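Across the two complexes that follow, chain A remains constant while its partner is chain B and subsequently chain C.
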Partner chain A sequence: MPDNQTADVNLEELRALIAEELELPLEEVTDQADLKNDLDVDSLTAMEVAVQLEKKYRIKIDEEEIASLTTLEIIHQLVAAKVEKT
Partner chain B sequence: MFVPLKGSWALIFGVSSGMGKETARALADAGCNIIGVHFDLAEGQQQAERYARALGELGVEAHFFNRNVAARQARAELVPVIRDLTSGVGPRVVLHSVAYGTLTSLLPAPGGAEDEAPAVTPQQLTMTVDVMGHSLVYWVQDLVKAALLPRGAKVFAMTSAGGTRVLPGYAPVSAAKATLEAHVRHLAVELAPQGVAVNAIRAGTTITPALRKIPGSEKLIAHCQEINPGGRLTRTEDVADAIVTLSSTDSSWLTGNVIGVDGGEALVV
Partner chain C sequence: MSAGELAVAGLGLVAPGVSGPEEALTLGAEAAPGWFRAEVALPGRGYRRLPDACKYLLAASRLAVGDAGGRFAATERNLRGAAVAVNNTGAALLEELDHIIMRAGAEEMSPSSSPFIAMSSFASRLSMEHDITGFNLTVNSPVTAGLEALQIAARAIAAGRARAVLVGAVEEALSPAQSTCPGSEAGAAVLHCEAAVGGHARYGTCRARSAFLDPDAAASNVAAALAPLVGVDPPGRIDAVLDDSAVGTAAARWLDRLTGACEVVLVPSSAQAGCLVPLRRVMGLFAQEHTARTRRAVLAASAQGTIAYAELTVAPRRATGVGGGDVLVV
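What follows is the complex of A and B.
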């Protein structure tokens, strides 16, 4: 994915938001850490992350998309693509 | 003694869908103000906001909050809000109608590949029982601590026949419902001296968004339609009506029960 598509969404801000929701130290939320398998995130916590993303970035996330919120890197791409569209 | 609901408050968990949504309308119709908690993505939240406005048009106050009912933070934020809205009195009706859990079996599907139909995980079991079962206890604890569960208050928790029976793919939710029913009995006894009644409502099979998510729900719907002695499925209105009726008394003697609202469905095979 080219950089310009994710330029509007600051990766570090996004990392901070997710770390806060997961109640984890920033350094554990690496770009590649898998929320479910590495960080022990259940579907309800994933839903909380999704609701916060919608609020902060004024985007809409579909229920089916929650399962695809796997790593910070992927969430960054998804959020950036949605911000781009709005 | 019959006591009208007009001017009192109801606290409804799961107000944006199914039983919670319909009961909010029925209570509002009876003049009861509504504090609703739900947990939805943006699309669902907008619908919930529209619904709150529609309830307001019935001449009551309706305040909805988009929060995870199982989160400590949600209780910490909302208990003071509940105190302010109810002028320190607390809700007369509390309804726990929370459908958020994992629908799967305990063991991997026989013959299926492990990754296609995996066994339930500890995360899924813990989360489901916490949200659909234990959260009732934590809310009641915090309401009692804040002196916001007055004498005459009624607490209802939605359970289902699946709490004591086996439905394919329902196992974690079944555990949550069994837990919820146990909590209802213990809360009923512990709150009896305060004159607060606690009951579980066991609705018959009712077409709600939550039912649609259960694997094989079409089969269950068809079966129950056939066996229900009342000749139809349960409707959310049946449940709402029962809750309004049971709430319209100052007696706390009806407590600690699992009350069937199903047209007799659970009595027939």
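What follows is the complex of A and C.
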């Protein structure tokens, strides 16, 4: 995805938000770490992440999209695309 | 020992102003902010967003299971059970969630705390924590639920439905808007219970019975309700958790007739009391040290007419404290 599509969403701020929600040190939330398989995130925590993303970025994440929130990189792309549309 | 009797193998208490089961008989202190340190009691991930009452319950259960020396984990998961008493436990949380819904909408509710709208979620989360698949039950009877949870656990064990049961009571302080008098409780007490026969009666054994006393006919019916609970041979001491309702007053008067036969310790209860104090009394009596087997009891009654009675036989223990106390087999 081109840089301009993610320009409004700071990756490091997003990493900090997710690390906070997952109760993990920042360094464990790498761009490619798989939330479910690498970071032991269950479905309830994934929903909690989605709610916090909605609050911070004033976006709407549909229930069926939650399953696609697999890595920080993918979340960044999804959030940035939604922010761009608002 | 017989069917309906439980062996108590472990105790866990989390409450303001007390450090453990040996202080369980002290009257409940008000829950000052910061009294419970979740990061110490529940280290690790996955607890932060749980309601405080759930954290108290999980923390107390960890203490009870640890106190019993790993016996719970050694029990097959389908033979593990939980019976959890709750009265005001979720009231303040429900009010908070109501405010969120009214102020910002239901979509702002935390996915981690919103399941606790259902009061059975506290016992469910306890079951997840300890991999309990036998059964979990939530008991709501006002005031008496903790003692009734003991009765339910004994019945389940006698029926072969479980071999080890965590019996707990948990309460959270009411919000200022909900509270009409001082004395709402906070904290959790959990007892690790097993079958009296073949179980580890480290602290002793207990059996519980319950009854109903019609508040409108409390004075005239009290003997018929209480006499079968207490029996003809009362223990050396009965701790009675009673309020000043018609039921509480009638029960206190009936207990007066036992003066001389046993010591009756009246534990004043408020109109908004929860179910924690009666189970705390059970725990505190079990935590006392005796050189010989000692009989004790706890009676609790609510203004609504629920009455429960737990009869304890406290095992003699060496004076080395609850955490490291050995059992003197007698």
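Note that the second predicted complex is superposed on the first by the 86 of 86 C-alpha atoms of A that agree within 3 Å, B and C clash if a C-alpha of one lies under 4 Å from a C-alpha of the other, contacts with A are read in each partner's own complex, and residues count from 1 in each chain.
Please note the rule applied: contacts are C-beta pairs under 8 Å (C-beta built on N, C-alpha and C of every residue); 3 or more make two chains touch, one makes a residue touch a chain.
Since the structure is predicted, the reported quantities are computational estimates derived from the model, not experimental observations.
Enquirer: Quick one: is A:38 in contact with chain B, with chain C, with both, or with neither? Answer first, second, both or neither.
Expert: After superposition on chain A, A:38 lies in contact with neither partner.
Enquirer: Of the partners chain B and chain C, which touch A:62 in the superposed model: first, second, both, neither?
Expert: first
Enquirer: Using the superposition on chain A described above, determine whether A:84 touches chain B (first), chain C (second), both, or neither.
Expert: A:84 sits against neither chain B nor chain C.
Enquirer: Which of the two partners, first being chain B and second being chain C, lies in contact with A:22: first, second, both, or neither?
Expert: After superposing on A, A:22 lies in contact with chain C but is clear of chain B.
Enquirer: Go through the superposed model and pick first if A:73 touches only chain B, second if only chain C, both, or neither.
Expert: So A:73 meets neither chain B nor chain C here.
Enquirer: Examine A:47 and indicate which partner it touches, taking first as chain B and second as chain C; both and neither are also allowed.
Expert: A:47 contacts both chain B and chain C.
Enquirer: Across the two complexes, find the residues of chain A that touch chain B and also touch chain C.
Expert: Correct list for chain A: 40, 44, 47-48, 51, 54.
Enquirer: Using the touch definition from the top, list the residues of chain B that touch chain A in their complex.
Expert: So the residues of chain B touching chain A come out as 39-43, 66, 68, 70-71, 100, 102, 123-124, 126-127, 131.
Enquirer: How about chain A: which of its residues touch chain C in the complex?
Expert: 22-24, 40, 44-45, 47-48, 51, 54-55
Enquirer: Okay, in this complex, where on chain C does chain A touch?
Expert: 45-46, 48-49, 107-108, 110-112
Enquirer: How about chain A: which of its residues touch chain B in the complex?
Expert: These residues of chain A touch chain B: 40, 42-44, 47-48, 50-51, 54, 59-63.
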